[in-house]
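Below you'll find the structure I mean.
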Amino acid sequence: MNPVNYLYLAALLFTIGATGVLIRRNAIVVFMCVELMLNACNLAFVAFSRMHGNLDGQIIAFFTMVVAAAEVVVGLAIIVSVFRARHSASVDDASLMKL
Amino acid sequence: MSASAVHSLWTMAADPIEKIQAPKIEYGQLSPTLIVIGAAILGVLIEAFVPRRSRYYAQVFVAIVALAASFAAVVGLAAGGYATTKAGIAAMGAIAVDGPALFLQGTILLAGLLGVFTFAERRLDPAAHGKRVDSFAAQAASVPGSDSEKAAVKAGFATTEVFPLLLFAIGGMLIFPAANDLLTLFIALEVFSLPLYLLCAVARRKRLMSQEAAVKYFLLGAFASAFTLFGIALLYGYAGSVSYATIAQVVDGTVQNVSPALAATMGNDALLLVGGAMLVMGLLFKVGAVPFHMWTPDVYQGAPTPVTGFMAAATKVAAFGALLRLLYVVLPGLRWDWRPVMWAVAIVTMLGGAIVAITQTDIKRLLAYSSIAHAGFILAGVIATSPDGVSSVLFYLGAYSFVTIGAFAVVTLVRDAGGEATHLSKWAGLGRRSPLVAAVFAVFLLAFAGIPLTSGFAGKFAVFKAAAESGAGAIVVIGVISSAIAAFFYIRVIVLMFFSQPRPEGPTVAVPSPLTMTAIGVGVAVTLVLGVAPQYFLDLAGQAGVFVR
Amino acid sequence: MENLIALLVAAPLLGAAVLLCGGRRLDAVGHWIGTALAAVSFVLGVVLFADMLGKSPENRTLMQHLFSWIPVEGFQANVGFQLDQLSMTFVLLITGVGSLIHLYSIGYMEHDERRRRFFGYLNLFLAAMLLLVVADNYLLLYVGWEGVGLASYLLIGFWQHKPSAATAAKKAFLVNRVGDMGLSIAIMLMFTTFGTFAFGPVFQATGALTSGADAPGSEGKLTAIGLMLLLAACGKSAQVPLQSWLGDAMEGPTPVSALIHAATMVTAGVYLIVRSGDIFNAAPDAQLAVTVVGAVTLLFGAIVGCAKDDIKKALAGSTMSQIGYMVLAAGLGPIGYAFAIMHLVTHGFFKAGLFLGAGSVMHGMNDEVDMRKYGGLRKYMPITFVTFGLGYLAIIGFPGLSGFFSKDKIIEAAFAKGGAEGWILGGAALLGAAITAFYMTRVMLMTFFGEERWRHAPTPSPAEPSVEPAAETRGAHAEPHPHESPKVMTIPMIVLAVGSVFAGAFFGIGERFVKWLEPVTGFEHGHPPVSALTVTLSTVAVMVVGVGFAYAQYGRRPVPVVAPRGSLLTRAARRDLLQDDFNHVVLVRGGEHLTRSLVYVDHTLVDGVVNGTAATMGGLSGRLRRLQNGFARSYAVSMFGGAAVLIAATLLMRAV
Amino acid sequence: MSFPLLTATAVLPALGAIATAAVPAAKRTAAKWLALVVSLATLALAVTVLVRFDPDGARYQLTESHAWIPEFGVRYELGVDGIAVALIALTAVLIPFIILAGWHDADPLETGSKRWRPTQGFFALILAVEAMVIISFEATDVFLFYIFFEAMLIPMYFLIGGFGDRAHEHGEETAATQRSYAAVKFLLYNLVGGLIMLAAVIGLYVVAGNFSLTEIAEARANGSLNMATSTERWLFLGFFFAFAVKAPLWPLHTWLPNAMGEATAPVAVLITAVVDKVGTFAMLRFCLQLFPEASKWATPAILVLALISIIYGALLAVGQRDIKRLVAYASISHFGFIIMGIFAMTSQGQSGATLYMVNHGISTAALMLVAGFLISRRGSRLIADYGGVQKVAPVLAGTFLIGGLATLSLPGLAPFVSEFLVLVGTFSRYPVVGIIATFGIVLAALYTLVLYQRTMTGPVKAEVKHMPDLRVRELVVVAPLVVLLIFLGVYPKPVTDIVNPAVKQTMSDVHKKDPQPEVEAAK
């Protein structure tokens, strides 16, 4: 099956993720959407790797996973501390600073 | 049915494993980065094993020594000719060691050093329970205003983790402009971003704002890095490799032994263009260019001021370094595609930053917007696509980072009951109450405004000159206009400080320790020296103006 | 000898410097210093005169180059003097009359605590006036020209605490400035036409220009120059349309009126025209303009003179008209130049005498200036009466006295212009003579004859502004006790009276004066359409008529103390024929409106644009600022949109 | 190499500024004396420059040249021609008087306040301005000039915004706000001008490759450097705009009245008599030399603007109610004359313009400083608050009158010479312009005499009844200026001799010849 379809899927996932980031309020969900975007990237990498017949893409995918994990650590830490301070995980509540 | 045949039903024969040769790493050339990263890890260990009372000193010591050593290493490399003649690729094509890289690394390291000084400052905040405290939360994990927080304060805890975090960030920044393949670029990006997210969250005062800043920065940063990554993916797909050199070859079609797959993707410019655009967008986010700038004001305001200062200076340097390398090494082939776009970005950035800054009422936000405007000015140099362009940008970054750190360091000095008094109205009549501080800040502001005899002017002139020479006269004119607009709000602050009546309940100016004093002093000195006699540094930047590919 | 010219100017200048910088310690002797230095320059003048007489008429001109003043590429202005018969005449007149009036002022200003400064100003005036007449180029003349203007400004406004005086002074200076504009433009024209503005070269070049047919339209240029010079003359000599300042100038102390606004400064215009004779000769249109101005002014002044009750203003009107005669004569060209100057000199004598007389009268009458509050003064101040009377006879041209000779010649010359112009101008001149006789007789009668209206006269009504302040010091509010003035005042009057009796005869008989001036101004005999005798007789006739009328109105009937409403003309004449009102409405009011609106424009428009730009920026900023609404997601939106645009743009770039 | 005289002339006041600023707070008076001495020493140096300068020698003399920023093609190049020498001398002469006149302007409000430093600042800033002005007169490198042309704004800005008249008719609060408004306006106006010029400067570099005035002018002359017409015009406009703001030329003038109105009299003199001269000077030196063709192209428009400035400024001066603003508008009118003289492109015009810069400096100084003394006595700038001063303070009134007469350029006083030269020079090429400009002299008489009449004459106002006459210090300030006015009015030759050759040069730069008279009169 033509790997290009995987690319379309990747693009689709990426877009879904991005849209999620734009429309969801809950910080966790937003963050998960970002993860979704990252995974879309992974898919793209792997697909390309397959197309080009070299392993770079796959290796990058692994790196991405690690990075994603790291982001989760940092992200959750921040989000949780905010949640505990405000008792809300809504990104819209965190708008003290504006203008 | 034969076993093998059966076996072949659910297995397939893998290629015979050939020997993976061990990677060749030029430790000498990578020493600056390695030193810093190593120190960072050491810092983590210190957190783990050194008793709490002496952690602070240990951390500060390690950080300063590491940065100094690393800077010495950079100088050594540069002296050893790696900036010019011996410039080359290290770590199997992952890291470039060349003029721009070394110059920017040097700048970042110095900025980091001053950053450490401001981080380590413990004289400004009134001592809590007899213990001197710095501007970071006693215990970042504890809920603001909770008992645990009070307890932590009482116990005299201190978030000494900021130093390793800082070192990690610096380490990432050192790699960022030197990264010679997209993977390294991305990793470096994350390596310096993640610590910064955390650093934003750990302010001692105004913790809610600090955490909010962290959230915003984090979410948006992650969002942006996702774009970056997708861009990388597309470029990879286009060129079948993430190494700059290869991509560059593919882009300008000088690549040998084209495989059929590559031939297929090569034809597809959409991959290249979209990928390039997304990647550039990620970097523009880091430099805070309109329209990817909106995190800047909030984060700059919310983050602990020392962090803001460091971030404003070093992040810009690193990000612009990476941007330069990307545009000059990887994508020169489609100069004609991205230049007009970057023109537009530069213009809206300059104007946007300057105009919105006019009505700001918080000094930190004001400086944030000014940093946006300056990003625009630097972009004007970036799009020159000429050696002069590169060197002018390098010079500008060097000059700008010192002014920025100095300015934010001054901001930390002006305090009232609620910590730093960042609202402009509180700065009224500062010049009457403490002329020296006001004068110093005025110098920085004038440098921002680009008044002659300050580094700001030299930088601006260099950048605009490069732009003009590359035929971007329009950019120059608009740049000039927007710097006129920008001048307006810098002047406003000066007026406020010198010509307005001091408020009776105005803020007090804390007397800092030698640490902050050095930071500010160095800032002023560099500002004036680069303003009056910039030639030496211009030469430096000029020699460092050539990328290796 | 030449060096004496410099001294001539330097002496009074020194006096001015000493007196003005000297400070109070000189108060005691200041007036003597001033007078002495004036006398010195008079003596110098006489010496030079004697020397000049010693020479043959052709080469009597003394030239002296002092130093190069403004040397610029292609533009050479020097400080140099030229003393010929014409300037000599003026030098003698200025220093002579000047010295007398200095002397007179010692008495007149006795009670003024700022007498030293007064003499300083007088000396300054002498210096400037002398510079004006001995300069050898127009630019230096210009210096003297404005110098006398300054002196007159200072002296008119000498009693500065009187707003009326300050205003009058300012007005005089301003009106003169308009004239000066003419002079400077004339100089510029000369420079562009001839490349120089020194007398000698310019006149030669004029000759070259007219003789050589090389320059078409050259006459146009000369006419322009002439008209500009005329404008200047109008300003200085109070000729229509720039005459309005002279009346107000009477705010100054009387000696000033006598010296500056009767005898010397106001005649500078005549000097200018006569001096520039060569130019005017080559520009007939300009000449015509001059004559017209002269004729109009002589009537204008005369009419105004008839209506004024203020003795000084009446005399001022007469001055205006007499200068009108001179200008008229000067406009007639070589026929008239000499006569113009001759009348100027005789006028210098009798008009100065008259003013001093008037001053003496006021001195005895608590500075009352309203003639309606005079009357029958002849037995109280006999000397004043006699001298004033002689001056009076001289000015109305009583046969045998100086005015007769000079004025008669002018009228002759006017007729001699020939053609309709000749008749008109001559007629005007004759009419003028009649009116002169009328108003002077009026002054005479109202002042020295009739019943003594000053007894129980109400003290000066506030309606009458020009009350000299020294009044307070001299106890005005008591009933006046007319008395003769001290010697120091009467002696100058006597001298001037003598002059006004005999000067004319001395000059006129045997055309002595004409011959004296001929080398400078040139001369040709006019041929009036009627015989000279006829002209003379008619002049005398109209004079008698004028006197008769005046006697009928003011000698036979008693003079009302309060002025009757009078005819329309009278009322107009009292207001200087409404010319002032015109100025007020058009220039003053208009100017005020203009400036006020301009101030508004500057503030709202020009400055508004600037502040407006700033405001717009602020507004824009305020609006853009709202985008920063603090919601992370909206930031993400902008990033997303930005990315989309970025991608689209890049693709687009490739597409196009 | 020989002693760097020009550098010394500029550096001395700079060092003096630093030293003055460093004087401890209590030693206020010492700081004043130090500043005065330094300014006098600078004057001495300037005089040496004057003496060492040979009018018939090379175009630029006492030249110094060192590498500075090769990267930008910038050299530290100094050199003076006659025009520069004259203006340097003017600056050096005026500064001591300015310092002396402002002797008490920056004293602490309550005497004996220990921690009061502005006094030192005031005099240090004045010296700093002097240094920058002098070096921008000396610079023959466009970039070097530009740097100080811009940097000069900062000390000026603090002088305007930081120090105002002691007693202000509206009280201290409004005074402060008005002051800072004026200061900001001054700074922004000039900064915008300067930044526009910056674009042009960069453009010049792109075209010419270096900044050396002499080299570029040379190259322009021998055709080795030819710009496209449009390029030259744009660059010219960029330069001219900045200079027109500084000069100031209508309609870019509105900052001047505010600045001069709010600043103390000495500072106002510093602005109009010294700093603004850099603008007109730069027109003469840079616009004409670097862009001769464009200058000629722009001449008509500029003449019209200058004409407007002359008449407009004068009319607004008539309409003012504030003494200082009146003088400011008068200055605008005079700057109109200067610019007109420069762009008339005749020897007379340009010599006149240069002379005008000097004379206007002296005359304005005389008038404005006396006005300052007057204001300091009564504590009001409004004309209406005065009257009859002549009676109580005759010397003050007298000097004021002389200053006024100089302003209306009475013959015999210095300004007359220059004004007449400008008029003649303009008239000989553009008669109509010349004639219209001549109306300016009438208006000048009007506003000056109105001012004098309203303040000095008339009945004595109660408030001024006990006004003291000029003190010795004030007399020391005014008397020399008056003497200068008279001397230069009677014998301007020394100045013209220095200026003429330079003007001749400039004329040849723009390839213009004086129009010849129709008839060559027998000299």
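Observations on the structure shown:
First chain written, first letter: the chains are A, B, C and D, and each begins at residue 1.
Criterion: contacts are C-beta pairs under 8 Å (C-beta built on N, C-alpha and C of every residue); 3 or more make two chains touch, one makes a residue touch a chain.
The UniProt protein names, listed by chain, are A = NADH-quinone oxidoreductase subunit K; B = NADH-quinone oxidoreductase subunit N.
Worth saying up front: this structure is predicted, and the values here are computed from it rather than measured.
Annotation of chain A and chain C: jointly contacted by B, touch as defined at the top. Of all chain pairs in this entry, the one linked by the most C-beta contacts is C-D.
If each chain is reduced to the average of its C-alpha atoms, the one that sits nearest the average of all protein C-alpha atoms is D. Distance between chain centres (mean CA atoms), chain A to chain B: 23 Å.
Between the Cα centres of chain C and chain D there is a gap of 37 Å.
Between chain B and chain C the centroid-to-centroid distance comes to 81 Å (mean Cα coordinates, whole Å). Separating the CA-averaged centres of chain A and chain D is a span of 65 Å. Each of residues 215-216, 219, 223, 227, 297-298, 488 in chain B touches at least two other chains. Looking at chain D, no residue sits in touch with two or more other chains.
Contact with two or more other chains is made by residues 18, 21, 30, 91, 94-98 of chain A. In summary, the structure contains touching chain pairs A-B, A-C, B-C, B-D, C-D. Every residue of chain D that touches chain B in the complex is listed here, in rising order: 67-72, 117, 146-148, 150-151, 153-154, 158, 161-162, 173, 176, 179-180, 183-184, 187-188, 191-192, 195-196, 198-199, 202-203, 205-206. On chain B, the positions that touch chain A within their shared complex are 140-141, 143-144, 183, 186-187, 190, 194, 197-198, 201, 207-209, 211-216, 218-219, 222-223, 226-227, 229-230, 232-234, 236-237, 240-242, 259, 261-262, 264-265, 297-298, 301-302.
Of all residues in chain A, only 7, 10, 14, 17-18, 21, 27, 30-31, 34, 37-38, 40-41, 44-45, 47-48, 51-54, 56-57, 59-60, 63-64, 67, 70-71, 74-75, 77-79, 81-82, 84-86, 91, 94-98 touch chain B in the complex they form. Taken together, the chain B residues at the contact with chain C in this complex read 215-216, 219-220, 223-224, 227, 269-270, 273-274, 276-278, 280-281, 285, 290-292, 294-295, 297-298, 334, 336-338, 340-341, 344-345, 352, 355-360, 485, 488. Only residues 185, 189, 250-251, 253-254, 312, 315-316, 318-320, 347-348, 351-352, 388, 390-391, 398, 405, 410-412, 416-417, 420-421, 423-424, 427-428, 431, 434-435, 438-439, 441-442, 445-446, 449-450, 453, 456-460, 490-493, 496-497, 500, 503-504, 507, 514-523 of chain D touch chain C when the two sit together in their complex.
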